[in-house]
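Got some structures for you, see below.
The two complexes that follow have subunit A in common; it is paired with subunit B in the first and with subunit C in the second.
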Partner chain A sequence: MSNRVKQILKAREASIVIMLAVVMVVAFLMNNTFLSFENQMDVIKSNAVLGIAAMGMLVVILTGGIDISIGGQLALVTVLTGQLMKETGFDNLIVIYLLGIVIGGLIGLLNGLMISHLSLPPIIATLGMNTIINGFLKYYTNGAWINQLPQKIIDFGMIKLFSKPGEVGGQVGVPIQFILFLVAMILTWFMLRWTKLGRSIMAMGGNRVSAERVGLNNKNLTTFAYVFSGMMAGLAAITYTSIMKSVDPNAFIGYEMNVIGAVVLGGALLSGGSGSVLGTFLGVMMFAYISNGLTLARISTYWQSIIVGIIILLVVSFDMVKLHRETKRMTKVDIVPIGD
Partner chain B sequence: MKKLTAVFLALMLILAGVSAMAETIVVMPKLVGIPYFNASETGAIEAGKELGIEVIYTGPTTGDAAQQVTMIEDLLIKGIDALAIAPNDPDAVSPALQKAIADNVLVVDWDTPASGDDVKYSIHQIDDKKFGELIWDKLVEAMGTDEGEYAIVTGYLTAANLNTWIKYGTEYAAAKYPNLKLVTDPVASDESAQEAYTQTLALLGAYPNLKGIVGISTPAPIGAAMAVQEKGLQDKVAVVGSSLPKDSSPYLKDGSLDFGILWDPGKLGKLTVYIAHYELNGTPITDGMEIPGVGPITLWEDGKTIIMGDPSVWTAENADQFDF
Partner chain C sequence: MSQNENVSKPYLRLKNISKTFPGVKALQNIDFDVRLGEVHALIGENGAGKSTLIKILAGVYKPDAGGILEVDGVEYPSLTTKESMHHGIIAIYQDFSLFPTLSVKENIAFSEQMDSKGWLMNWREVEKTARQALDNLGVKGDLNIRANMLSTAKQQLVAIARALVYDAKILIMDEPTSALSSGEVDALFQIVNKLRDQGMGIIFISHKLDELFRISDRMTVLRDGLKIATAPKSEMTRKKLISLMVGREVSDERMLGEGGSDVVLEVKNICKKGNFEDVSFTLKKGEILGITGLVGAGRTETIQALFGLNEPDSGEIWLEGKKISPKSPAEAEKLGIAFVPESRQTEGLILQQNVENNITLPILEKFANKLMRIDFKKRRTRAEELIKQLDVRPNYPHMETSKLSGGNQQKIVIAKWLATNPKILIVDEPTNGIDVGAKTEIHKLLRSLADQGMAVIMVSSELPEILAVSDRVLVMRQGRVSAIVDGADADQELLMSHSVQGGLHGHDKKGQEAHHE
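And then the complex of A and B:
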């Protein structure tokens, strides 16, 4: 194998890319509709919420933390902004988006402060937060859906760029939710790759002690990661409302598992310091394609969960074998005789 | 001071006597805080007021069987006369129900059946068979033909009540509408409208000749209708299913959902309290008996199963009349 190929195969994303390619080819062979532009756009639209939330979760996981309250944050933002729009008829979408991002960011700030300054384990702090939010929502909404939202958000959710009438009906085009998902990815990628903040988060996630020694403020970095995650949850929440045209307060119960699952499938290590925007995007698409592709392939739902489980195990074992080999090679370095 | 204590004690005795005399019926839903069970709460409390008895409506905040067990045990210590339960897991609550029976508490189930040996009566909202059949009849009505392909979007593949309706519906369709073709096994939507929407989009892509979709579980028909509406297929693909009228209303009006089929959970709450009250007071419960505000009920030959009545159908015209 040439060095170039080896290098590509060594990339963290390699295993997921290979699995994704397999899934796509199989789905396409079973049903050509899978690769149609219309189907691809449908898949992206209905998974944009997961994708945006996963970007925030990625940054938290990079610090070696975890955010169990992501579902609660999404639900809280959808309910509060939904209620505001319904009760007052307020429909300035830019303000609604900003408001959602601020609410999410504030919850993230609380999470971050509990974790960095009170030294609570992330899983406990965010689990507690999630329980509080869900309890509040239960009390506040009694589980009732919020309907009759302003026409503006409904119209906004239906926007499709470069659209033309579809073959069967409706409009085919690039959904606005895809653009929002792209924005979230570019922002996260830029922050992690090109800002000091992002580089510091990567460094801290890799090794906390060294990071502290070189003078990084771990507490502030940790807090920032949760605020960022909350803001992404806010963005995802309004995007959800734009797709669903109504708010179901119970829609996000258990959602954290999907978000964390997508990030981990995308190659991020829960121990921190390792993971990428590209990998996370692929993880989200993997989740989406498995479900969409298997249905299109006309495979019964009973088999779907079995296949999903096998794919997750394959991807993760591939990663683990690779990691194991790398570690082995690194240990070897120590026993190479001097002067060899 | 002594006098005061005596008066206080006397008062306590009277109060204790009063609370022992008043009849207390506990109605326990699978969970509280969702519109469906809120509506049945209203009905149960209303019945309590009509009968002049105490009705306690309480249940866990998530559909958790272990929490139901803890709550039952606490209520038994408090002292109650009847317990009507919608069990999250019939086997898990069984020991607690047996304990209640040993304490001379009348135990009935409602909404979802418990194990047969644990209850005096089993109160069903509908006849599951009739319900399944009506949904498929409405599917054919909405499709405008009894020929063609259709798919089922369900809540969870493991939910016993949903599976029962699907079983009765498909068996009935196989006999009565032989040209109706189910294209694949029921697709799960995890009781989430967004998941139902996503799955329906995929189904519409996979089966371009699809003429109808049956949504089972309350969010499924809504999610399916959203997908159909987005694809502009309102006139080509019929959507029917078990949805709540309030959530269905916008989709019924834009034509993406054709019929919602369910029952009135408020009436079910009311019926449950009436049955428990009659049984506690020795009023015989008979087939065809008229329950105030509910109507005539059906008592099966087993002397145990009570059916509230026929399911209701929501359409664009009537959906706004209901507050659940």
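And then the complex of A and C:
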């Protein structure tokens, strides 16, 4: 094997790419339409929400934390903005988007302050937040859906760029949700790769003590990560409404596991400091392809979650074994040869 | 190497620096100075105050009032981390403080980038800075590899390169050679020499006398928080250095026993790559065998092998005429071996639980009936017996363990293992962090256990302690047994000379050979 190939195989994303290829081939063999442009765009559209939320989660996981309240944040934003649009007929989408991002960001701020300043373990703080939000939503909506949203958001959700008529009728093109997902990815990538803020988060996630010694403000960095996650959740939430054309307050119960699953599938380590936007994108696509492939193959949704679970465990175990081997090789200290 | 006597004025000077922690005087009235262009060795036994001194220099600790830190002509009562770094005092800790998941170049240039203007990374600058720093050190390497993929020696180079970027005037290196092979030590010394010639002052901390004589220009010896001496290398000999390090009179009362009867344990030529090599010794019923040596000599690793925590690659262990090879602590415990670990708070006790729960933990099965229901009355009685036997104070079984003093906590750890009725009791640094009075009590306890017929192994780096109770003393150096001496014949200087590389007895040549392999 040439060095270049070896290097590529060694990359953290290699295992997920291989798995992804396997899933794609299987899905294609079961149903030829899987690889069609139209189906691909549909898959991305229906997983853009997962993808955008995963970008926020990635940043939190890079700090070594976790955000269990991501489902609650999504639900809260969809319900509050949905209610506003329904009751007042307000339909300035830019303002709606900004409002969603602000609400998500505020919840993230609360999470971040609890974790960094009160030193609550992230899993407890965000779990508590999630429970509070879900309780509030039950009280506020009684579980009822919100329909009759302004036509503008429904139209917005159906926008397709570069569209042309499809073979079996309807329009084929790049859905607007894909663009939003792309924007979220580029933004996150840019932040993590090119800004001092992003590099500080990566550094702190790798070693908090070292970060303190060089004078980084761990508390502020941690808080920022949760705010960022909340803002991404806000962006994802409005995008969700644009796809579904209505709001289901219960739609996101248990959703945090999908988001965390996608990020972990993408090779991020829950211990922090390790993970990438590309990996997370691949993790999201893996999630998307499995469920889409299985649907096309007419396999029941119950089986789908079993298979998704198994694949998460497989990929993560594979990563862990690889990591163990690496650290074992690296920590081997040569014994001093002794002359006497 | 030149002695750099021409550089007259010290860059860094400590006057009358003391540091008191609750109950402990870590440093007392220290005067100490470092010049630019010298390697100044800081030497002392464990607990002599070296780490405290470093932390004061690095601004992590604030010294007691009354002392003066003078840096580059400016006097301070104490330094903050920022001030210290600003003056170019950079400490390389034993863990190197790197960012494991970031690349080499980013690790080197991190602080420079963070201090620069703007909010974006200048990757070209990062690359340039990192390359320049490595060039300065005269080393080449892949700048894009993640720091945690590097060997220890290379991580150290990254840490040194980073110090160069900080514009270090005084570089503090804490045990920099402890994890390096001899070839790597040579490479490190070349770099240290180079930095010295470029005018950097280096504080070099090491236990290895050989290395100190190779690299340093001046030496300062600390002992029990006091500065004992500062002298140029030319005025120092190994013998003098050792006596300065050990120094104190052996005032402790000796508690030697009859010296044991039948051989209980026989260890034959056990080896474990990277830990210890060719270790053999015997242990008799009713004796205390002291094991000593410097940190990193392989003492703890060796006794862990007896307790199934560190299986040897080769060699044999015989217990009462039967060959054993314990693979887990549970197995060792069944064989009748008990182990009281060094860090009693994390490894030996469950601090949040009460005394009774802790003491009876290893023997909980004995109080259970067939349905695994525990007979609490029986358990309480046994716990009270043990508390009485070891004189734990206060003698309440329901007291939370964390509330007891260090000495009493240690008694509970020992009690816990006594409950299993072991044939062999192994204690690792039994009086670490315990005040003097309680130390004697622990020593008495160990002696009385031996007198009752138990075979005891005590690992300790405190020579007075070793001398106080050991019937025989085994000294380790660099993973090997360097001597086994009778407790009655031993004194501190003898033990120390067996502990240090190239000690008193003309090991210099051999030490040198090791460095060429």
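Note that in this section the second predicted complex is superposed on the first by the 319 of 340 C-alpha atoms of A that agree within 3 Å, B and C clash if a C-alpha of one lies under 4 Å from a C-alpha of the other, contacts with A are read in each partner's own complex, and residues count from 1 in each chain.
To be clear about the criterion, contacts are C-beta pairs under 8 Å (C-beta built on N, C-alpha and C of every residue); 3 or more make two chains touch, one makes a residue touch a chain.
All values derive from a computational prediction rather than experimental measurement.
In the superposed three-chain model, the partner touching more residues of subunit A is B, compared with the other of subunit B and subunit C. When the two structures are aligned on the shared chain, A:Asp91 is found in touch with neither subunit B nor subunit C. By the touch criterion stated above, A:Gly215 is placed in contact with subunit C alone, subunit B being left untouched. Shared-chain residue A:Ser200: touches subunit C; no touch with subunit B. No residue of subunit A touches both subunit B in one complex and subunit C in the other. Those residues of subunit C whose C-beta lies close enough to touch subunit A in the complex are 81-82, 95, 97-102, 106, 110-111, 113-114, 118-121, 148-152, 179, 181-182, 184, 273-274, 277, 478-480, 507, 510-514, 517.
Residue ranges of subunit B in contact with subunit A, taken from their complex: 33-35, 38, 61-62, 157, 183-188, 192-194, 197-199, 201-208, 219, 226, 230-233, 236, 246-247, 249-250. Within the complex formed with subunit B, the subunit A residues making contact are 31, 33-34, 36, 38-39, 42, 46-47, 49, 135, 138-139, 142-145, 147-148, 158, 166, 168-171, 240, 243-246, 248, 250-251, 253, 291-292, 295-298, 300-302.
Within the complex formed with subunit C, the residues of subunit A that make contact are 193-197, 199-200, 202-203, 205-207, 209-211, 213-216, 273-274, 326-327, 330-340.
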